[in-house]
Each structure stands twice: as structure tokens, then as C-alpha cells.
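First the structure, which I've put down as C-alpha cells, then a few questions once you've had a look.
Naming follows writing order (A, B and C), and every chain is counted from residue 1.
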Amino acid sequence: MSYVVARELTKYFDLSDPWVVRKITGRKKQILTAVDGVSFSIKKGETYALVGESGSGKSTIAQMVSGLLRPSMGSVLIDGHDFHNNNIDGSSLRNMRQRIQMVFQSPYASLNPRWKVGDIILEPIRSFQLIADRQEQQKRVAELLDQVGLSPRDINKYPHEFSGGQRQRISIARALASQPEIIICDEPTSALDVSVQAQVLNLLKELQHEFLLTYLFISHDLAVISTMANTIGVLKNGQLVEEARGPVLLKNPRHDYTKMLLSSAPDIGSIKT
Amino acid sequence: MSGNREMVAPLLEISRLSVVLDKRHQRFKAVDDLSFRVFPGEILGLVGESGAGKSMTGSAILGLIEPPLSISSGEITFDGVRIDQDASSIRGSKISMIFQDPLVSLNPLRKIGDQLVEVIRTHINISKAEAFGRAKTLLAEVGIDPGRINAYPHTFSGGMRQRVVIALALAPEPALIIADEPTTALDVSVQAQILDLLKRLCRERGTSIILITHDMGVIAETTDRVAVLYAGRLAEIGKTSAVLKNPRHPYTKGLVAATPRIDANSFEKRLFQIPGAMPDLENIPKGCAFHPRCDFASTQCQKQQPPLFEDRSACWLSNEGSETS
Amino acid sequence: MHRFLQSDFFYSFRNAPVAVASFFVFAVIILAAVFANFIAPNNPFDPASLNLMNGFTPPLQSNEFTGDVFLLGADDQGRDLFSTILYGLRISLFVGIMAVMLAMVMGVVLGLIAGYLGGWLDTFIMRFADIQMTFPSILVAMLIYGVAKGVLPPDLRYEMSIAVLIISIGLSEWVPFARTVRGSTLVEKEKEYITAAKMIGLRKSQIMSRHILPNVLGPVLVIATITFALAIIAEATLSFLGVGVPTTKPSLGTLIRIGQDFLFSGEWWILLFPALTLLALALSINLFGDWLRDTLNPKLK
């Protein structure tokens, strides 16, 4: 069952100079097509990976799927509901927000440095009004910390007291707090060391199996994507140039761009004796 | 170990180098008793995770470290000359450096030609016109159209800028280039081009390169030999193919196993994970720095810091002659 | 507290003579003002305690008529100058603190709004700030003061006068707060923890107050210290010019104005001591603020 569907997602950014400047200098309007008619669908419980270089549009797609950026054209359907539909009321919108959360690239910028870890993880629970009782709230936060491999004693600590990998775990705990069905992982391990990356990727996989989570996984790293993805979509300049099940794409890439990416990417497996 | 190597004199010799950080209530070693060599015409990889000391080592070689950091002991010898106390004779001339971010390595207000000419004429006594000619040749060598010699840095893409930076590093005709994460900020396709360029320069010019990176894939594709650093110490060193295919040190094994591969079978497998994390340099465990995370740690590992065995691995288990599988 | 004493901040404080000295001077002055009623020999604002015959008594000399001795002399109305300075300090400090708080609240709120919401609101606020900054703040304060006086009933009470003074100085000093907060807001709003807050459906006002505000307050303290000094000088200037606090309960500025009239007829102390006090106060706050800014700056980055 296709749980997340992106249909002809398109986004234009107007980079033109102000009208007055254009009239004087005679320059034309400049529209950047960041995303051009991208369509894909993700089955419940699976991981769809979007791979691309800078300027490919993958971050913009992540923002549109997360509901934070309105597409210029096209739609995002979560379990059949259009995320950007103007007609949905406040409570339906909140309901949708609860189902989809995000884990970000930077372990440093993704947690408010002035908030305690416990409050950071509690915030979604309070915002979506999931648990009213204080004690139950504390229990839930402790449970979440435990699920990501941290200790309940960390509730009163501040983010700067943790390492990069631990901060990503806190981010994951926060993402899980609202019991979402979909998590968008935007380069979640790009800023982490190799050994820490392995821990975080394994954690993401375990959580996916335990809670039947659906992942949209954004990355530029083909090796990481090989490990994580059921399906891989290759983006170039805002267009989806190839899409296939992971093992299929890695073994038999069709598009020249995919082939180029696969051959260029540094791979530890390339070592010859 | 190739017997050939033993005959050739090393270009750069690092001997028991230690770099300390000395602040009001902190004193610890960022680099601890590090020794290795770089030979002419080779690419040596310096790999490690954050805090392992690899960038610190690169900076120390060039004498670029400032208080509260300082070289507390050890020697650095280049072409027979000691440079650890005073690197001014070789910095920028016999050894040059490339950094991670091409955006800040180039002066945005000057044309690339002018920047190249300045470097050339600082080290080689030739006329401006001759220097310009050399600059154009350099640009061609790194794959940039020499006609763009009067362009400003901002007109180039990230990858092209890094090529300009490489040209600047080549300008004084160095015997050794230290490249600190030269491709981390670049796209994958561009990354491959830059690494190929570095390899080509090494083969064609005989310039040695120390390639500092955290990326095992880059090590696999680019380097001849590799030194693995952990918590400021050398864990393992050897031919890249040997170290990656048959790692001897448990940390190297863990690192290799934890690195994802571009492979159709990767999805089915769980990535190996080394338990725990690299210790804070202020609190390095006694004995072997890795022992708390090591499956094979013995009591000796907890008490004594292991030396380098067989010029290969700093692990007490190598001494017993048994392969840790 | 123990952690503070061990911190790097306190360490650099201990080792900076300027900081320690200026803080010390400032602390002494504040304490003197706060405990004025215990320290001052008499209450200069109580008309009953004044004896006009004491007027113009030089410092430390017995008055020829009454025999009273004044530490720093007496002013034209027979008030003990020392006491008057102490009580006058109270007014100066009160006006200074209230004005800074007003400027701070206004500046921080406008800076947050301009930075986070952007668009025409940002443009409007910032251009208004730019225009206001082209005028010397004293002129702005006088303008507001003049308008207020014109609008309010003529039999002004003393308290109204103080309130108008506070408002006019406060409204003239909000811009540095707003600019700094706006700059920090622009940086913070791009960070991913703000995106995370949006993803849980928080309203803009909630994001601004709960998430952005705590992270942009850092430089505000430094600006507040410097603005405090400016506010005190502004009050003194306005009083000196005659548009501030009236002479019945004078502040330092008023005293200086009074003293100026008598400088060349020989009663120099009426001008000198209030002026020195004002100088000490403003200088110590300024120096401390400077040091604070320099120490906190690299870490802020």
C-alpha cells in the first residue's frame, strides 16, 4: 500500500531582482526550477532514498513532503490525504503533522541549546496534547530515551553535554515522541564519524522494524543509501532520472547519471588486493 | 612491507611526535608519541575519526600550531633537516598544504593569476612575465583553461576552485603536499575528479601527498599506504590494500566493518558497530586507548600502552603472533 | 555560585584591573544611593529641615550663621550637598534603569518581530530605526518630552515628570537592541531546531518566544550596560537643559545646572561634586560595559 505519494512535485523560486531594478537594467526575471515534476511513492514500512548532488532538489523535496514548503505545482499525499490542501482545517492539519516528523543533518543546530533534553523530547507530546498527566509524560520521555539507547538520567542535561552521535539519538527520540508513521531523514549521518554513523543507521533500522515506520531518506552518500534503502530515486537538477529497487539499481544502473555517480563515489569495497 | 621501500630514504620522518594542549585547567595530548614516514612519490593516507589528531599532525608538520597547543616532544625531519622547531624553511615551498574549504582558501578580491604569480615569485626568482607563463602551465596541469588566468575566484565552481588551490600548492614545486580533507566539501562527481588529479600529480611529478581524511572510501581509492589514528595515537600503518583487506588492529577491523559499501547486498546486512565512542582526549584510558571498546582486550591492554609491532599494528595481540579474527 | 567563581568569565574579570576597578566604583555608588537614607546626614528633600541661612556654605567649614558643617558644602538653598547628591543619584539611577528596561523590551520585541517575520514589517521597522538613529538621541528625547508636556495637563506632578523622562529616554535608545536581536534572530531562524518546532505545529509567536528569544538574549546584557550609562547621561543632560527633573528634588544634572550659575561667583563646590559623581558613574558603567563586550564577544561567536 502506497503510504506517501508525491505527484508531479514542482517548485519554482523567484530569484529575480526587484521590479524597479529590472526596469532600469533591463534584466529578465529569473526563475529557478528547483524541483521539476517529481513523482514517487513509498510503501508503508519501507525506506525510499533520494540521492543527488547539491542543487538536485532533494532538500526542497524534503521540505515539501514535510509540509513546511508549499509546492508550486503537484501534491503530497499522506495516506490519501493531501497535505497542502487549503481546505483542511486546523485539527486535521495538526493530525497530519503528528504523523510525519523529521531528523536533520546537523547534530548541533537541530537541538535548541538553551533547552534541557527532557523538555526537547517532551515538546511534541505537549504540543500535540498526547499525554496530560505530568508523571505519565516523564515516563514516556524516559521510555523514548531508552529506545534510542540513552539514559533517563539525561533528562536534565543540555545538548552541549552530548557528543554528535548522542545528539542525533536525541533528535530521533524527539521525532518518535509524537508516534509518527513517517520520518524524513535528511542526511542524518553526514556529519557523524563512521563508527557513530553505523550506530545511528542501525538504530534507525531497528526502530523502523519495531514501529513499522516509513522513511524518506535523503542523502548524497551512495554507500549509506545502499545500506538503508528499499527503493532508490536518483535526482539530477530537480528531476528524477532513475528509480528502482535498491539492489537492482546498484547492480544494473540504467541512466548515465546514475552510472556516473556509482563509478565516482569512493567506495571502500573498491580495494583490490 | 616491500623490501624496496627500505632502500629509499624517507622524505619526511615523524619520530615520537607529541602535541599538547595547555590551558588553565586542562592539559592533554592531542597527538601522542606518533611516528611514521612518508616516502618520495607516494600517497599516504592519514585516517581517523574526529579528535583522532590527524589534522593536528598535518598542522604540526608545517609548524602551524599556536599556543595553547605546542609540540612537546619528538622530531620532524624533512629531507634530512629538522623542522619541528622551525618550519619556515620548508613551509609553503618544499611542503605545501591544501585545506578543506576552497571558498576561504582563495582571496576573493584578487584574480587567480595574481595569486599564483605571487606564490611563484616568492619562492622562485623569475620575472613577472615568466611567472605568468608558469601560472598558465600550472592551470592547464590541474585541468583549468589557462585563458581564465585573469578570472576571480567567485566565477569558478567549488570543484574548479579546489583545482586552483591545488595549482597554488604546486606553484612552489613542493616535494610534499599535505591535503587536509580536500574533497569533503565537494559533490561526489567532483570529488572523484579531484582525487584523480591528485593521483596523477603524484605519478607524473613524483610529489608525495599526505591525504588527511575520515572517509575510508577515499583512502581505498586514492592512497598507497595508510596510517590509522585513534585518540592521538597510531593504531595501524601499512599498505592500503593490506590494512583494509586484512586489518590487524581491532579498531581498524571495526572501522572497516562499520563502513558502508556501495553494494547490492548492503541492504540485507546489519552494519557492524563498535560499541561506545572515542574517549575525550582529556580522559584517555590507561594502557591501550581502545581497550574499553575492544572485544579482545586483555589485562595487559588495560595496563600498558602497546608499541608498534612489526611496523604494522599497535596492539598487544599482534605480539602473541595470533591473528585476531 | 561556586561554579561561577571557578568559571573562565570570573577568571578574566579578576585579571582585568579596569573591570574590577570600574565595577567597584559602580558598586560603591549604587550602594550609596540605595542606602542613602542611612548614610546621608539629612534629607535634602524635606523642606522643613532646610535652613536658607545655610546657603552657600563651603565644604567642611562651619556656617557663620548656623554653625552647621557640611561635608561637601551646601547649595544655594542650604541643602547639604552630600545628601543631595546621594538622593539625586537615586533619581538618576531610577530613571536610568527604567529607561533601559523600556528600551530593552521595546527593542527586543521589535527585533524579534523584524527578524523572524521579515517582509514589509521588517523593512518598516528597520527603516524607522534608521531614521531615528540619524537624530542625536537627546534631541529625540527632547522631542518626545516636548510632545508629552504639550499633551498632558499643565499642573504636572513630579511623578509625571519622571515618567515622561523615562519614556522619552527609553524610546530614544531601543534601536541597538533591536538591531542586534534582529541579526541573531536571522541566524537562529535558519537552524534546524526551528524547523523541528514548526514540524510540531507551533505558532509563530510560540516559536519566537520559546525558541528564538532565549538564544538571542546573549548580547543584550552588554548593550543594556552601555545603554544604562547613556540613559544616566541623557537624564543628566535633560535636567541640565532644564527639561528634566525640577529643582525641588534635583537629580545630578539639575545640580550641575544650578552649580554652573554659581561657578564664577566662587561657590565652585556646587558644580564640582555633582559633576565628579556623574563622571564616576558614567565612566565606570561604560568601562565595565566595554570590558564585558570584549570578554563575551569571541565566545559569542
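In this section, a residue touches a chain if its C-beta (ideal position, glycine included) is under 8 Å from a C-beta of that chain, and two chains touch if they have at least 3 such contacts.
Just so we're clear, the structure is a prediction, and the values are computed from it rather than from any experiment.
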* Asked: Which chain pair shows the largest tally of C-beta contacts?
  -> A-B
* Most remote chain, CA-based centroid, reference being chain A -> C
* Structure fact -> Taking the mean of all protein C-alpha atoms as the centre, the chain whose own C-alpha mean lies closest is A
* **Between chain B and chain C, centroid-to-centroid distance (C-alpha), Å** => 56
* Go ahead and note the Å separation of the Cα centroids belonging to chain A and chain B. => 33
* To do: Could you give the separation in Å between the centres of chain A and chain C, each centre being the mean of its C-alpha atoms?
  => 49
* Asked: If you look only at chain A, which of its residues touch chain C in the complex?
  -> 66-68, 93-94, 97-98, 100-102, 104-106, 109-115, 123-124, 127-128, 171, 174, 178
* Structure fact -> chain A partner, complex, touching residues on chain C are 191-193, 195-202, 211, 214-215
* For the chain B and chain A complex, residues of the former touching the latter -> 49-50, 187-189, 191-193, 195, 214-222, 240-241, 244-245, 254-256, 258-267, 269-274, 277-278
* Show which residues of chain A lie in contact with chain B when the two form their complex. => 53-54, 163-165, 193-199, 201-202, 205, 220-224, 226-230, 246-248, 250-251, 260-273
